[in-house]
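Should a chain be cited, it is by its letter among A, B and C, assigned in written order, with residues numbered from 1 in that chain.
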Amino acid sequence: MNDYNFAYLDEQTKRMIRRAILKGLAIPGYQVPFASREMPMPYGWGTGGVQVSAAVLTPEDTFKVIDQGADDTTNAVSIRTFFQRTAGVATTTATRDATVIQTRHRIPEEPLTEGQILVYQVPIPEPLRFLEPRESETRKMHSLEEYGLMHVKLYEDISRHGHIATSYAYPVKVEGRYVMDPSPIPKFDNPKLGEMAAIQLFGAGREQRIYALPPYSQAVSLDFEDHPFEASKADHPCGMCGAVDSYLDELIVDDAGRRMFVCSDTDYCEARQAAGHKGKDAA
Amino acid sequence: MTPLLSVQNITKRYGAHIGCADVSFDLYPGEVMGIVGESGSGKSTLLNCMAGHLTPDAGQVVFDTRTDGPRDTITMSEPERRMLSRTDWAFVHQHARDGLRMGVSAGGNVGERLMAVGERHYGDIRDKATDWLGRVEIDAARVDDRPTTFSGGMQQRLQIARNLVTGPRLVFMDEPTGGLDVSVQARLLDLLRGLVRDMGLSAIIVTHDLAVVRLLADRLMVMKSGCVVEAGLTDQVLDDPQHAYSQLLVSSVLQV
Amino acid sequence: MIELSNVSKTFTLHNQGSAVIEVISDVSFAVASGECVALTGASGAGKSTLMRMIYGNYLTQAGEIRIGDLDIVQAEPRDVIKLRRDVLGYVSQFLRVVPRVPTLDVVAEPLRAVGVSVEDAEARAKALLGQLNIPERLWSLSPTTFSGGEQQRVNIARGFARAYPAMLLDEPTASLDAANREVVLSLIEDAKARGSAIIGIFHDEAARARVCDREIDVSHFTPGMAA
């Protein structure tokens, strides 16, 4: 094959990570510490996700990487190439063909199925961190299920902006027990977290934490009775494929500041265009 | 009548040094007890042992819980004890910064305890927070301001509001007026007296300021070198102290 | 109502060579409901000390002081507090209040402490302050800035806010003008008529003669002063 061990990491390390993943799956939403390794890329570029992917990949897998929904950004391309070279696995950009999907900041639009694994890159796994800097204290809060502080954050949002302005990394309560940071996905994606058929794994390399949602887990977005959770998106159709149900990126297309909204999920958008759907900005 | 708090033989050592030794007393509902003594006399150690911040080496702290009656809070599980400290207990720190979240608005600071016990209606939480700001004489218009923009006296009053919003029955106070201007102290003392009376609170106040205990406390304990040397009715201990140390303490105060 | 049996008091001054000073020894007397008894004797005889012992402010070394059913010598602090709230009133010579609290609240406080509504407590306080000629414009101010005579009258108003079954009065008419002295004396007479047992110290002989039924000369019980 080549000079690397399969999927770059040595077998002992992969075993260690798999144990952390299994523990995470056994306790949905619980942050399992693991001995994060140095990877040939800087922290913040997805080292946690890469280690989780390395631990779950098998030679028969088909691998897909998206960064903010796109398969063609630098980060997505380099991670995809990384596993092509170190594991020799097949790669794809088609969501339905992939068995393992590593993602940064999005959940694909197309519903995932049983047998698929979605691996998230996580910068800060601790949802309580912004209000409680002490790790000893946040661990205690998780273990004793003291989550009032999470609502203080939402309270502050409403008092300052009149509504819950947190629009990404929106906290969820998993299976009625652990409060979890779903990584910086837009809150538009939050409803897809719960009851998902695929396995969801979360890896934070710098913070050395792995957590997981087994298939069909319950994940409820936190909110107030009088300010219920809303999965919001830009109120436009996609300029390229005309989709009205997908999460959109806003692009400035010329010096006059003309704007255009397009699907952030490139595979979804391209598949729709190939099927003949056309938005108002399509060439 | 069952004591609200029954402290039995509390001892805490720091290595060979004695923090507090063999302290016992009962506190009944509605009573305010002062603990005075010089720096290092063990009064803060005792307070922290009672409030669950320190684990004593020996002794019991029996609290009359709402649901299960008298329970030793030292042997109860940590979740239970932490729940008590969020609901039935309050702790007012000397430095408001230790008791407030400085990066969270005044309303969020007061609302935190409500959210911690499960309140999930933003409007209700905000109304209660605003009501409490009024009770501690902070302008309702400042509900969204952070405590960093408040004066020392306001921060202390905010800390009190944050602690009392869940209607606790027992308040621990560690030098609540320390570090404040005399005029601000007077206002705070008056406020505390009113709250104690109107809410029927019991309180334990650690201070070295005898004027504070005379105004707030029904009963007084005098501590020296970790031991209680004298205890009794506040005005009796201050006006007719029996122990040599209490006599020295009382006679050392400058008369104004 | 108030009954002292073989009461003695010593002060031990630990910081002055542990000197032991005997101030009162072997006092016994009783005051019935509706009766007013004056404590007399030269300055330093221990009148105020005895009164403070009855109030529980000073510790009593020996004997028994019964007020109603409670022996204040042996009582727990909380029982003394309850007694002071419900049974035993005390008008001292000096007003001691929290700075900043308005006069009206100072006077109403004993009533608020036993659960009287704000309205009723304030109404009673206003009536008393009016009776004692404290100008209405001062009611919302703290008495800490008042003159000595005004403070004394606020103190009296506070002391008489509640109808206590037993009362201790330490020089209630000192430093008062004739009109206010008259008001205070009639308050005392009203209290007696309601059945209060009263012990007072009056340097004002005419006042003493008017309201007191008996006199007890404390110097008889003062070691070194009697004989």
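Methods note: contacts are C-beta pairs under 8 Å (C-beta built on N, C-alpha and C of every residue); 3 or more make two chains touch, one makes a residue touch a chain.
All figures in this text were calculated on a predicted structure; none of them were measured in a lab.
**Student:** To get from chain A to chain B along touching chains, fewest steps?
**Tutor:** Counted as steps through touching chains, the separation is 1.
**Student:** Name the most central chain, where centre means the mean of Cα atoms.
**Tutor:** Going by the distance between chain centres and the overall C-alpha centre, it is B.
**Student:** Which chain's C-alpha centroid is most distant from that of chain C?
**Tutor:** Measuring from the centre of chain C, the most distant chain centre belongs to A.
**Student:** Could you work out how far the Cα centre of chain A sits from that of chain B, in whole Å?
**Tutor:** Each chain's C-alpha centroid was found; their separation is 46 Å.
**Student:** Mind checking the centre-to-centre distance between chain A and chain C? Centres are C-alpha means, answer in whole Å.
**Tutor:** That gives a centre separation of 76 Å.
**Student:** Could you state the distance in Å from the CA-based centre of chain B to that of chain C?
**Tutor:** 32
**Student:** Looking at the complex, which residues from chain B come into contact with chain A?
**Tutor:** 78-79, 82, 86, 101, 103-105, 107-108, 111-113, 115-117, 120-123, 125-126, 143-144
**Student:** Quick one: in the complex, what on chain B touches chain C?
**Tutor:** Residues in contact with chain C: 28, 31, 183, 186-187, 189-190, 193, 197, 214-215, 218-219, 232-233, 235-236, 239-240, 242-244, 247-248, 251.
**Student:** So in the complex, which bits of chain A are touching chain B?
**Tutor:** The touching residues are 131, 140, 144-146, 148-149, 151-152, 155-156, 158-160, 223-227.
**Student:** Report the residues of chain C in contact with chain B in the complex, numbered from low to high.
**Tutor:** Going by the criterion above, the answer is residues 11-15, 52, 56-59, 77-78, 80-81, 96, 98-101, 112-113.
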